[in-house]
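Next come two complexes, and both contain chain A; in the first it sits with chain B, in the second with chain C.
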Partner chain A sequence: MTTENTGVRKTAGDDTAAAGKPPSVRPRALAWQRRRASAARFWRTYRTHRAGVFGLAVLTLFALPALAAPLLTGSDAADVTDAPGAPLESPSAEFPFGTDRFGRNLLALVIRGARVSLLVGLLAAVLSVAIGTLIGVTAGHFRGWYATVMMRITDWFLVMPTLVLAIALATVMSRSLLTVVVAIGVTTWPTTARLVRAQTLAVETRPYIERARALGGGHWHVMTRHVLPNVMPLVLAQTTLIISSAILAEATLAFLGLGDPTVVSWGGLLQDAREAGAVSAGHWGYLVPPGIAIAVVALAFTLCGRTVESVLNPRLGVSR
Partner chain B sequence: MTADAASAPVEGTGAAGPAKDGPAARGPRVRTATAYPRYVAGKVAGAAVSLLAVLVTGFFLFRLIPGDPVKFMTGGRQVSAEQLAAYRREFGLDLPLWRQFTDYCGKALTGDLGTSYQFSAPVIDKITEALPNTLLLTGTAFVLYTALGILLGTRAAWRHGRLGDRLGTGLALTLYSLPSFWLGLLLIITLSVGIGPLPGLFPTGGMESGGEEGLAYVLDVAHHLVLPVVTLVAVEYGQTLLVTRSALLDEMGSDYLTTARAKGLRDDLVRRRHAVPNALLPTVTLIFINLGRTVAGVILVETVFSWPGLGGLFYQALSVPDLPLVQGLFLVFAAAVILMNTLADLLYPLFDPRVGR
Partner chain C sequence: MDTNDQYGGRRRIPGRARLVMAACAAALTLTAGLATPLDPAPRQAAAADDGKKVLTVAVAQSVDSLSPFLAVRLLSTSIHRLTYEYLTNYDPEDNRVIPGLATEWKSSPDKLTWTYTIRSDSRWSDGEQATAEDAAWTFNTMMTDEGAATANGSFVANFEKVTAPSPTELVIRLKKPQATMTALDVPIVPRHVWEKVGDYSKFNNDKEFPVVGNGPFVLTGYKADSYVRLKANKDFWRGAPKFDELVFRYYKDQDAAVSALRKGEVSFVAGSPSLTPAQAASLRTEKNIRVNDAPGRRFYALATNPGARAKNGERMGDGHPSLLDRRVRHALFMAVDRKTIIDKVFQGHAVEGAGYIPPRFSQYFWKPSAEQELAYDPAGAARLLDRAGYRKNGDGERVGEDGKPLTYRILCHATDPNDKAIGQYLQEWWGDLGIGVTLDCLDNVTDPWLAGEYDLAFDGWSVNPDPDFVLSIHTCAALPATPKDTGATDNFICDEKYDELYARQLAEYDPEKRAGIVKQLQSRLYDLGYMNVMAYPNAVEAYRTDQIESITTMPAKAGNIYGQDGYWSWWSAVPADSGDTGGGPSSTGVVAGIVGGAVVLAGLGAFVAMRRRATAEDRE
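For the complex of A and B:
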C-alpha cells in the first residue's frame, strides 16, 4: 500500500533529517502536501455550513473598505478643524449617513473606524490566545506544582469580571491603542488556557509522544513538534471566537472614554454621539451606523468561530 | 462518557419524583456526612485565596503602574514640592512598600477603602449608598435572563435543527453580539424620547421621579426599571440559552432517556423530569462563571440609563479618574463575583450528589 510506504519513509526521513541526507527534502514536501490536502478538506466542510459562509462574506465586506480606507475617504476624513459639512446634518447624497457633531462625513468615519476596531480586535485576540496557548501547553506538559499554580491563576482570572480588570488596566496606563490591546489581551486568555491544557493532556497520552521521548526528544521538541500542531485547530477556533468579544470590549472601552482619543473607532463614535446629546434629540442617524457595524462584525466572527469549531470537532458539529 | 452512562440511569430513576426535592428525599448518605464539610472547607479556602489575590492586585495595579501615583492624582496640575510631599504623607506613600501594603490590607479588611477625591467622602459610604440600587437592577435582570435562557434553551435543544431552534438561536446570538450600551441608547431613543407618532413610554434614566410615596413610589421605580432590565436581559439571555441548549443536546443521546421513553412516559415528562435536571448541572456552573460578564453589562447599562448604582458610580470615577473610588469598586466587583461563585460551588452538591462526596 502506498500510504503505508510513505508513512514509513516519513518516520525514517524525520530522524535522518539532521544528518542532511538527500531524502530529507521529501518528507518536508510530503508534509506540505498533507497540509494542503487537509486545508482543502477543511474548506470543503466549511463551505457546507451556511452560517459560516455568511459570516465570512460579511467580514470580507467590512475588511475590504477598511483596508482601502485611505483611498476611499481621503486622509482628512477624521480632521475636526476642516470638516466638510455642518454639524449633525441629516443623510443626503453627499453624506449618506449624515454628519457627526463636528460636521465630518459619518460614512467616512465608520469606514475609518473599521480599521481600528478590526486591528485592535485581531491583535488583542492574538495576544490573548498566545498567552492562553503558552500557559495551557506548558501547564499540560509539565505536571506538578507548576501546573497547579498556573491553573489556580487561570481559575482566578476566569471568575474575575474581565471588563472591570481591563478598565482598571486601561485607567492606570496611558491612553493608546496598545493599552487597549494589552488590557483586553491579558484579561481574556483563561478560557483558551483551560481548553488548550485539556487538549494537551489528551495528546500527551498518545503513543507517538512516548516514541518521541524514547528517541530522545526533549520538552521543547515534544511541545512544539507534537503537542502544538495538535492543539492548533482548537486555537484557531478559539481565536475567531475571541476576536468577536475583543471587538466588543474595544468598543466598550472606547465608549467609556478609555480608548485612544486621537483615532476614530466605532465605540468612540458612539461616545461622541452620546456626548453630543444625539439620544435626547432623537438623532437616529448618528447612533445607528457605528452600532450596527460593531454588532454585525462581532456576530460575523462568532458565526465563523462556531463553524470552524464544528468543522474541526464533528461531534459538536451535529448538535450545535 | 462511559462513566456518565453508568451513573446516569441511577440518577434518572432517582429523580423520577419531583426533581427539586430529589436529593433531599433520598435521605442522608453516610459518606456525605463527613465529605461535605471537607468540600466546603476546600471551597471556602479557595475563595479566601482568590479574595487575597484580588486585594494584592488592587494594591499593585493602582500604586505601582506606572511611575508616581501622586503625579497621576494631581493630573498634571502645577503643584509645589511641599504640596507633593504633603500628598505623599496624606496617602501614606512616604512609607516603605511593605508598610503601605500591610496598612492597605488592614484598612481594606475593616472596610476603610480611602477617601474619594471627587466626592470628598469615604469610598465605602458611596459604595453602600449605591449597592441596593445595583442589587435591585442586577437581581431582577439575573432572575429573568436565567429563567428565559433556560426555558428557551430547553425548547431549542428539544427541537434542534428545526426552524424554531434556528431562529431562536440566531436571535440569541445576534442579541449576544450587540454592545449593551448601544442597545440601551436605542431603547431610550425609541421608547423614552419617542419616535414619530410614538410618544415616550418610559423615563429616559434615573431611578425615581421624586415626590412619590408608598405604592406610587414602588410603581415609579418599577417603571424606571423596565428599560435597563430589558437591555440587560436581551444581551445576557443568549449565553444561558446556548449553554442550556448544548448541555441538553449532550444528554439527549443518553440511554436513560431511551429507557424513559420505552417505559411509556410522555415526551414532555421525559424532558422535564429526566433530561433537564441532568442538563441543568453544567448549566448552573456556567451561569455563575459568566457572572463576570453580567457585571460588565451592569456597568454599561447603569451608565447609559443614569441608574444610581455601582456601575454608574464606576463610570463617574473613571472620568475623573478618581483612583480610590475606582480601586474600591474594583475590589467590590471582583469580591462579589468570587463570593457568588463560591456560593454556587457550595450549593452544587445539593443539586448533584455525585459532587463533593
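For the complex of A and C:
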C-alpha cells in the first residue's frame, strides 16, 4: 500500500521494535534520520506545487505580523480610551486604512484581528478534526452497534445546516472566543469522521494488523500504533482544509454579531463597520481590508491544504 | 480500493467550491464597499404612476399589534396617532396641550370630576359620527376588561366612572386627583366596530381593511415586517393631508434604508434607531437630501440593579450585593466620562446627560447643582471605593470583605452599537479603578432583565410631554406582584421618599408647582444612583427635499419628525413638485468601484484558471 512509504508509520514500527531490545542509540538515530528524510521528501514534492508555495507565502505574510502584533502596533492599539485619531478618519499617512468608530488605527486593528481570526480558525479546526478523528477511528475499529450508533449521529450532524447550528450554539452560550471555537468545532467534525472511518476500515484489513492482533496487540495498541499513524496524513490535510472554513465561519459568526464585541477580529471589524454605517458612508478602509484578509487567508489555507493532500495521498498527486 | 476512490473523488468539489467562495467573498466585500448606488437616476417614490402622491418612510421596528389596546411600540403608537383621534393633542410648536377630539375641558372644584366637550365635526371613515359615547365606551372597556388595559391601563387605573350624558359631553369621575387628565394618550375607537370584538387581549386589528378610524389617515393595508399602508382621510376635521398615501416600508438594515433614500425609493429614513454619525455626515453632502439632527426625547442611562424584589418582598435575580452601597454606585458613575461618550460614540449627535428628563422638555428639565453633581473624577471614585471598603489588592483588583474581586456584568443590547461601544469604554474606565467588567450582549435582554439577573444594564426611554409615565416606572407600585409576574417597573427601584414625591406631583393641578415636584423627584433619583443618565441622544433622520417640500418638526424649532407626540409631521408634509429630480449621486465613486471590483475579479478569475491548468496534469 502506498502510504507505507511515508516515514511516519515506519518510525512507529521502529519504536515498537526498539522497546524490546537492550538500550541502544542507533534505532532512535535511524528514526530521526528517516523522519528528516521524509520531511525533506515532503518538502521537495510540495515545492513543485506552485499554488501550495503561493499559499504558504501568503500565510507567512499574514502570520508574521500577527505574531509580532504587540511589537508592531503597541499593546494599546485596541484600547478605546486612548485612541490616537478622531472617529472614522479617512485614510492618511498616519492611518493608512483610516480610523474606526473609536478613532483607533484600522491598520493596527487588522493586524491584531489576524491573531484572533487565525487563533480561532486553528483551534476550531483542531477541535473539529480531533472529534472527527476520535469518532472515525473508534467507529472504524470497533464496528458493530457502536459504529452504527456513532455513524448515525455523524449523519445527523452532517445533514444539519452547519451555520444555523453554530448560530444556535453561539446564541445560547455566553459570548467569548471559546464559545466561537466550540460552536465551530462541534458542528464541522462529521466530514472528518466519515473520511477517517473509511481510511480506518481500509487500514484494518491489512495483514500486519492481523499479525499485531495475533501477537496480542489490544484495541488501544492497534488504534494508536497502527491505525492512527496511517490516517495521520489524511487528518493533517483535513485540518489544513478545515482551517479555512473555520476562519470563514468565525468571520461569519462575528459579522452576525455573535462574537465577543470586546475582542478585535476581522469578522468583528466588518460587523463594526456595518453598525457604524461605513457601508453607505463609503468608508472603504473600514470594510475592505478585513474582508480581503478573510478571503485571502481562507484561500491560502485551502491552497496549502490541497497541496498537502496531494503530496501525502499519492492517489491524488504526482508523488512516486 | 473503493474507500480511497471515494476519498479522492469527493475532495475535488469542496476544494473548488471554496475557491469560488473565496472569490465571491472578495467581490462581495468590494461591492459592499461601494457606498454609492449603481442606479444614478433616482426613482420617484413621491409620485406613483396614477399621479397619486405617495410618501414612503423607511422603518425598521416591527409592529407589535395594530390594536390600540395592545400596542406599545413607537411605530404602532405612531400609526394610532395617525388613524385615531385622542381627546387632546400637543401643539407642535411647544408641546402645549391643545384640543383633539375634545374641544374644551374643565375640572370640578373638588378636582375629581372632569368634563370634556367632544367635537361634532369628526366622522369615522365609515360615515358614522364620532361621539362622546365612543370615548366613554373606550375608557369603560379599558376599566373593565383586563385585556384592553394592556397598553394604556395606567391612565384609567384611577378612574371611578366614565359616562356620556350627551353625544358631545364626556364626564370622567376620579378616585383621586390626577394631573395627567389633559394628557390622556389613549386612542378613542369607534364603539360600533369594536363592540363586536371578542377577546381584546388577542385581537390585533390587522385582518380587515380599511380599518375604521377618524384620524388624518386611514389604515388600508399591513403585512408584517413588509409594509404598513395608510390612505389620506380627505374629511379630516383639521384639514386633509397633502399626500394621498403614506407607506411605512421595512428596511431591517439601516444601510439599506440609506441607499434606498439615495436612490429615491423612499422619501424619508426614520431616525429610530438614529442614523449613525457616518451616515449622517455622508448624507449631508448629498444634493436634495436634508438631514434633520434634532434634540431627541430619549434619555440613555446606565441602570443599576437595586437588589431586585417583588411587591410581596421576595428577592429575585442575582444583582451584585456591593451595588446596594450608594458609595459604590456613585463611584462607578464618577468614573464614566460623559463628555467622551458624546464626542466619540455619538460624535456630537447627543447632549450630555444630567437629570432624568431631557432638556427638550424645558418645563421639567432638572440639572444637579455643582456640589450634588457626580462629575467625572476617577481619583475621587477610587477614594470613594476605598472608603466603602473595596480596596485594591496586590494584582490591582478591588476586593470586598469576602476577598472576592469586584466584577460586574453589564446587560447590553446586541442590536445596539452604542451599547457595545460604551461597554468597551466602561471596561477600560472601570478597569483602571480595578473593577472587572463582563459585557453580556444579548439579542433578548428582556428575560434576564425581568428576572433581575444583571448587575448593570443599558437603559433608555422616550419621554412624553407629560412625564408621568416615565416617572411611574420607578415607584414601588410598579414592582411585580410576585417574582413570577411581570411588573411595569423599569429596574426594580423602590424608594419611599420617591413614591411620596410621585404621588404629590400626580395630585398637583398647578403646572408650576407640579414641575417643581417633578424636579425634586429627579433630584432624588439622581442621588439614589440607580439610574445614571449618560446622554440624551439626538433624533438623526433624513428625507429627500425633491419629494417632500416641507414637513413639521416637533417642537417647531429643532424637533424630530418621526415618532412625534401627534400626527403633525405626516399630516403637514407637502409634496414637492416632482419636475426637478436633480442629478443623481456623484458617479465617479461608482465607476472607480466597478473598475476596482472588475480588476480584482479578473485577477482572481485568471488565478483560478491558471490553478486549474496546473492541476489538470495532476489530476490524471
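Methods note: the second predicted complex is superposed on the first by the 289 of 320 C-alpha atoms of A that agree within 3 Å, B and C clash if a C-alpha of one lies under 4 Å from a C-alpha of the other, contacts with A are read in each partner's own complex, and residues count from 1 in each chain.
We take it that a contact is a pair of C-beta atoms (placed from the backbone, for glycine too) under 8 Å apart; a residue touches a chain by one contact, two chains touch by 3 or more.
Just so we're clear, the structure is a prediction, and the values are computed from it rather than from any experiment.
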**Study point:** Clash or fit (per the criteria above) of chain B with chain C on chain A
**Key:** clash
Practice item. Examine A:313 and indicate which partner it touches, taking first as chain B and second as chain C; both and neither are also allowed. Key: second
Point to revise | Touching partner for A:275 - first (chain B), second (chain C), both, neither | key: second
Review point. Just chain B (first), just chain C (second), both, or neither: which does A:161 touch?
Key: first
**Study point:** Contacts of A:70 with chain B and chain C, given as first, second, both or neither
**Key:** neither
Practice item. Mind working out whether A:202 is in touch with chain B, chain C, both or neither, as first, second, both or neither? Key: second
Check your understanding: What is the contact status of A:262 with respect to chain B (first) and chain C (second): first, second, both, or neither?
Key -> second
Exercise for review: Classify the contacts of A:173 with the two partner chains as first (chain B alone), second (chain C alone), both, or neither.
Suggested key: first
Review point. Thinking of the overlay built on chain A, is A:284 touched by chain B (first), by chain C (second), by both, or by neither?
Key: both
Review point. After lining up the shared chain so the two structures overlap, which partner does A:229 touch, if you call chain B first and chain C second: first, second, both or neither?
Key: neither
Review point. Looking at chain A, which partner touches more of its residues: chain C or chain B?
Key: C
Review point. Which chain A residues contact chain B in one complex and chain C in the other?
Key: 171, 174, 244, 248, 257, 274, 279-282, 284, 287-288, 291, 294-295, 298-299, 302-303, 316
**Study point:** Parts of chain C lying in touch with chain A, wherever the complex brings them together
**Key:** 1, 3-8, 11, 14-15, 18-19, 21-23, 25-26, 28-30, 32-36, 253-255, 258-259, 262, 275-279, 281-282, 340, 344-345, 347, 414-415, 417, 420-421, 423-425, 427-429, 439-441, 443, 589, 611, 614-615, 617-618
Review point. Across the complex, what residues on chain A touch chain B?
Key: 152, 156, 158-165, 167-169, 171-174, 244, 248, 251-252, 255-258, 267, 270, 273-274, 279-282, 284, 287-288, 290-291, 294-295, 298-299, 302-303, 316, 319-320
**Study point:** Complex contact set, residues of chain A against chain C
**Key:** 49-51, 79-81, 83, 87-88, 101-103, 171, 174-175, 195, 198-199, 201-202, 234, 241, 244-245, 248, 257, 260-262, 272, 274-284, 287-288, 291-292, 294-296, 298-299, 302-303, 306, 309-310, 313, 315-318
Point to revise | chain A-touching residues of chain B, taken from the complex the two chains share | key: 49-50, 53-54, 61-62, 65-66, 72, 160, 173-174, 176-179, 181-182, 185-186, 188-189, 193-195, 204, 246, 249-250, 289, 291-293, 295-296, 299-300, 303-304, 314-315, 318-319, 321, 323, 326-327, 329-330, 333-334, 337-338, 341
